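Note that the chains are named A, B, C, D and E in the order they appear, and that numbering of residues resets to 1 at the start of each chain.
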Amino acid sequence: MAAQGATASRSGLRSALPLLAPAYLWLTVAIFLPLSAMVFFSFMTELPLSGKPWAFTLGNYAAFFSQSLYLTLLLASLRLGLVVTLWCIVIGYPAAYVLAKVLKGRSREAIFLLVILPFWSNGLVRIFSWAMVLREGGILDTALNAVLPFKINIDLMYSYPAVIIGLVHSYVPYMVLTCYLTLQAIDDSLIEAGRSLGASRLQVLKRVIIPLSMPGLVAGAALIFVPVVGSFMEPRILGGRTGTFYGTVIEDQFVAVFNWPLGAALSFILLAVVLIILAVASPVLRRAA
Amino acid sequence: MAGVQVSNVSRSFGAHKALDDVSIDFADGGFYALLGPSGSGKTTLLRQVAGFDFPDSGRISIGGESVERVPVEKRRIGMVFQNYALFPNMSVADNVAFGLSVRGEAKAVIASEVQRALDLVQLGKLGGRRPHQLSGGQRQRVALARAIVTKPRVLLLDEPLGALDKALRVDMQIELKRIQREIGITTIFVTHDQEEALTMSDRIGILRDGRLVQEGPPEEIYDQPKSEFAATFLGDANIFRGESTGNGIKLPDGTAIAAGAGAKLAAGAKASCAVRPERIRIATDVEAQDAANANMLKGQVSKRIFAGNNSTYFVERGGQTLKVIVQNTGIDRLAEGQDVVLRWAPESTVLIATS
Amino acid sequence: ASAAEVHVLNWKGYGADEPWAIAAFEKATGNKVVNDFFNSEQEMLTKLRTNPGLYDVVMINAAFNDQAMAEKLIQPIDVSKLSNYADISPDKASSPMLDHDGKVYGVPWVWGLTALAINEKSFEKPPTSIAEMWDAAHKGRVVIRDDAVEAVQFGAIATGQNINDIKDMEAVKAKLTSLMPQIKTFWSSENDWNQMVASNQIDIGTYWSGSADRAKTHFKLPVSLVIPQEGAVAWLDAFSIPVGSKNVEGAEAFINYMIDPAFYVEWVTKVGAPVSANTKAVAALPEDSFNRKVMGDPEVAKLIQFQAPITDAQREAYLALWQQLKVDVK
Amino acid sequence: MTTRILEGLGRLYIWLLLAFLYLPIIIMALMSFNVSPFYQLPFEWTTEWYASLWQNDQLIAATWNSIEIAVITTLICTVLGSAASLALYRYDFRGKRFLQALLFPPIAIPWLITGTAMLIFFFGVGIGRGLFAILLGHVALALPYVIVVVSARLQTFAPELEEAARSLGANQWQVTSRVTLPWIMPGVIAGGLFAFAVSFDQFVVSYFLSTPGQTTLPVEIYAAIRKGFTPEINAVSTIIIVVSMALMLLTARFFKFGGEK
Amino acid sequence: MAGVQVSNVSRSFGAHKALDDVSIDFADGGFYALLGPSGSGKTTLLRQVAGFDFPDSGRISIGGESVERVPVEKRRIGMVFQNYALFPNMSVADNVAFGLSVRGEAKAVIASEVQRALDLVQLGKLGGRRPHQLSGGQRQRVALARAIVTKPRVLLLDEPLGALDKALRVDMQIELKRIQREIGITTIFVTHDQEEALTMSDRIGILRDGRLVQEGPPEEIYDQPKSEFAATFLGDANIFRGESTGNGIKLPDGTAIAAGAGAKLAAGAKASCAVRPERIRIATDVEAQDAANANMLKGQVSKRIFAGNNSTYFVERGGQTLKVIVQNTGIDRLAEGQDVVLRWAPESTVLIATS
């Protein structure tokens, strides 16, 4: 009947499948199945790989709750993720706005590409370069002292701010680009309409532009927050003795000791927390949009 | 106190002059209709007044003050955009509330004002919908409600009623006029509907290729067009081209057409006469009737087009098709092919100098 | 691995992948060397577990040899086929960590120390005691490696305990806790250390003997090794042959080459290296060379404690302690 | 006029951001010309690292592998990712939210765990290690980024345009390729650039899945730093950045991607 | 061979019935105008025919074949969208070329066809522009050119001329009709301009709240509206409500109004009479003139509104405002406040049963 015709071409998994299947099959083979194996391991006492006898246990998950250490670090990591995400928004959103709404013509495309390019350099090399900038007697220190009349000592290296700077540097392009994508699509006449109704530039920004660019903001925030919470390399190298985070202890379980079950359990707890945060945040953000 | 003065404003896009030395004085509290062909610069002019775009040269003042440095939001204007520009992320009610809420009005005040405005545009019940759930006409009404709810001092309307059916349109016209009178708001109104322009406005300006061609009160513009363009653009006109005889013209075939008493033009110059189709009486009787002082032409009906309250006859005469409008009073239809006589008074003839 | 290929699993830049050495070996034996690397012992074990038959030679820290054998990842070596094996110093060759049931599971290769190294610019004369690390003068200029086992064993030395039999964990914890505020960062690679010294950011820290030597001789950095009077941790690296090797003959040839004095001398001079387990090899070094003069010093031999295998449980306990210390300092 | 001033400020801001983004890159490039391998100052000019890079077959081979894998990853990811985003945008079906949520585990789980899991799983099912396995892993890691980015762009697409195209006789493929794709192109390009970056800078997963002789640049770099890394790495990174910048600017010069509305 | 049959089509959005059991037979090659208030379902109906949206129930066939399973692109339709829906990423010329190029026409053919289509809509020189550089009316013309260039068998037009000024609009109307005749294309045309609907179409359908209220040829619909709604929606009408007298009504105040000969209705039932304002003659002389068989009412002029070729007089009579349209022939204007007599023939009166 007519209704069937309607469903057949307006909606339905069947029409979506040919487009969806390749991507999700790939993800299944290369990620979901391997991770399922990890889920399985996370409930074991020992890895079968090591040839030792093993049994099922919830102990690895219980371990998270039995030691304050993990919770402390998880909270620290979440805070880190939040701070980095906020900085990326603060720095990246205006840039995306300028890129989308102020610059015109060819230069815009060029800058769009230039913003991503730093990503193509090796992460570790980038961090070493930051070390060079941030340390005492480094570039920042020298440059500031050359300009300023009085002598100051800047040694940001091996500190929380250094971690933030390094992470923001690594992740801010995500924010710029995802926001640019949605900002660029906003019809200028909506901005004009807002202003003709007496809204200042700032009010238009708050009430019209930000809500309309929310999909980009949310996508950018998710792409930044999620990996930052699990990051360990940047904190370790730039943070010095303060650079211990949740990602570090997971890494240790894999690298320093052969306790994959615990490491896996810790990462799935992380995943669960992150997904819960995204799930709670997304309707709130959607409503704002 | 918020008349709008546009003085010698020009604005080009690349090589294209969208506005070319336009000066108009929009009287305080007046209702001004802007007419002009598509692409003649109407929207561009509104955008200068609103402050979205800036003249390359010339000055704009509102309420006697130059607004060159006044940002849009401080100009206290209301605008209805040609494409509506509704905020897709807000409900209908929130769209309308926007102007009040950025001003920081109290919630209760906003709610009641918004409801009033929505009722006004007959959308009282659709406040909760999103713009994409509305029909074209409904969107336009939301845009209108949004623009007037803040009681701006200047209202800029870019075809605010274009998507409305006639009945609603008339309702909205009446409402718009009422609001406009009540709050004495200076209104600039772009429309393609001539009847709307003629019936609603105090003054009309006609733009063409970025230039102001003629402006004045509706009847004056209609009755005394200064150019062939003005004559044919606003309303319909039969144009006769020939040589001036002082207060009339002589067509190439020798026929003389007399204009009204006031008309004066150097004899011998090229000139045209414009005659409104409704001013011409069409008759089948060839004998002279009130022949005194009347222009008369013979011709043959080639077509009749029914248009509701009137019909248009197309009459062929010496290679020219003349239009005659006849009110549909319910009697006498002329058949196609019939020989007819057209008569009109010299007072109904406008003499126009051509270059 | 095909017959003519020898697949070697080792740390990156740790002798076995020197291009000149490989070239020489290939020329001499006709075997082609293929290098693979690991970044941690755990990873090395994982690679062995998940790639049976891929590797012919693997370099294993003696402390892990036992575990690798227990998991049946490595096979006994017929030392009679290794002409240089006889020259291995007897105490190393007979190490219980490598020999099980009379079979040799690892051929001792090189050994070294985890001791202290100093930035020469910061000291008039080299310190002699581990206590220097706790000196307030070096606050914020001390480094220690980010490794739980090493840190705990270092703590054990500082509290005068046997690193392989720590009785008083609380003392270790207290000692390390008081060290934490002194610390600038935790290093994890030679490069970290060298960069920090090069930019004069640190005064003193734990370091590997071979690396310190390389920093000084090869990179000309102001670094010198200090073996504190309290002692130092020593480790022994050995070569093994994984179970399932398809080119045991080639593997034997390669291991024999690695313990050859000719290779060793060249390695030390060109790159810098730890101390060879082959006495002849060490003897072939110049008289005043670090590996002969300092490391060969009988006084030093008295101070060092070789790392013995530790159990998984111990290792996890050490890690927990170490993580707690790092969190507390945040 | 305020508009002009704001515009000027906007431009200035973009340049400041670019300065921030490129600061480490410039230092990286400078250090590739510095004698000291430890980023030691004062700066002493040398091209020795480029010369030794030229000799370092292993590093060069790894670089080529990296480029090859990153390019293939980018191609596969943009195609599969855009297709999946389109499906998620166009159709409604049960479980859609679940599929969307599934995109986050690959991003949220530290790569170390994912890499280990892949190693075990590929070993278990016989895919093994090597460049093919690396590619398999890279595509999977980069796909979610592409889907998230392209979807964000798709949210701004007006469905009437697809309808208009279909009314003109365009079939589904033509509609997609000629109307929808051009509109989402900035998203697809951004997604592709991300995919390239994810793959090109991917260390952990490559590390687990590489075999001797079949390694990538980051694996080489990470392995190298244990011993003391040489500015050859800066040199190769600098060359890559300079070349890709040239390519990109050239691309921007000749192609426009949905920049105008 | 491509008439369009819409049979019993219904479509709801949530609880709202946008189309309610609509059946229309769009004749092959015919020009059908759809009228109706804003939100009455016109766009929704076009979308069902185009295949963008699907009826909840009912059938649609094109050229005699059910199109239930025929996707949009196979239906060979051309559509102009109410909001134009131009492709923002393509130039004007590429927009127009789109339909031909997806079909794989040769480059040269495309180029010449596109140029022809653009010339037709008087945009021959703007082929290189991007849509956002065009004025509203220019965009609409591009949309029109794009829809007709492929020579579809059914043309669906959602207010295709809404944003055009009168002069251009008339040009486009003529062109549209010419094209439509030439290729014999079945056309469904939504418009708010009544005159346009009346002059252009073969048939008109009036929708209200998703229902088809009346349909037929223009003059029939205009002259014989079947409901008060139809009478007032298409054209203007004075409505008198009272009690049927068989072939006329009696107003509450006793005045009788006679309808034409054909009208019949059971006496005593509630009924209305509709009289077109242009059918009423307005005069100042109270004495009986051709009183025979004519309806007559007395009243007082309250307002006159000038509308170009005609003026509307508002006449007050017993609490009701009646409208009378008088052609502006250039003579006799009535002053406001003047007493007048209104007369019209019974044949000009339409008798309508009310419930």
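Methods note: contacts are C-beta pairs under 8 Å (C-beta built on N, C-alpha and C of every residue); 3 or more make two chains touch, one makes a residue touch a chain.
Molecules present, by chain and UniProt name: A, D = ABC transporter permease; B, E = Spermidine/putrescine import ATP-binding protein PotA.
What you see is a predicted model; the values in this text were computed from it and never measured.
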Chains touching both subunit B and subunit D, listed by label: A, E
Among all chain pairs, the one with the most C-beta contacts: A-D
Centroid spacing, where centroids are CA-atom means, of subunit A and subunit D in whole angstrom: 15
Interchain centroid distance [CA atoms averaged], subunit A/subunit E, Å: 56
Centre-to-centre distance between subunit E and subunit C (centres being mean Cα positions), rounded to whole Å: 92
Sites on subunit E at which at least two other chains make contact: 71, 83
Multi-partner residues of subunit C (at least 2 other chains): 39, 46, 50, 195, 199
Contacts with 2+ other chains: residues of subunit D: 39, 41, 116, 120, 222, 225, 258, 261
Footprint of subunit E on subunit D - complex, ascending: 158, 160-161, 163-172, 174-175, 178-179, 182-183, 258, 260-261
Residue ranges of subunit A in contact with subunit D within the complex: 10-13, 15-20, 22-24, 26-27, 29-35, 37-38, 49, 91, 94-95, 97-99, 102-103, 105-106, 108-133, 137, 139, 169, 172-174, 176-178, 180-182, 184-187, 201, 215-216, 218-220, 222-223, 226-227, 229-232, 247, 250-251, 254-255, 260, 263-264, 267-268, 270-271, 274-275, 278-279
Residue ranges of subunit E touching subunit D (in the complex, touch as defined): 50-52, 71-73, 76-79, 81, 83, 85-90, 98-99, 102-103, 130, 132, 146-147, 150, 156
Complex contact set, residues of subunit D against subunit C: 36-41, 116, 119-120, 123, 129, 207, 211-213, 222-229
Subunit E - residues contacting subunit B, complex: 13, 35-39, 42-43, 82-83, 133-138, 140-141, 158-159, 162-169, 192-195, 198-199, 218-219, 222, 232-236, 276-279, 281, 305-310, 325-331, 344-345, 347-348
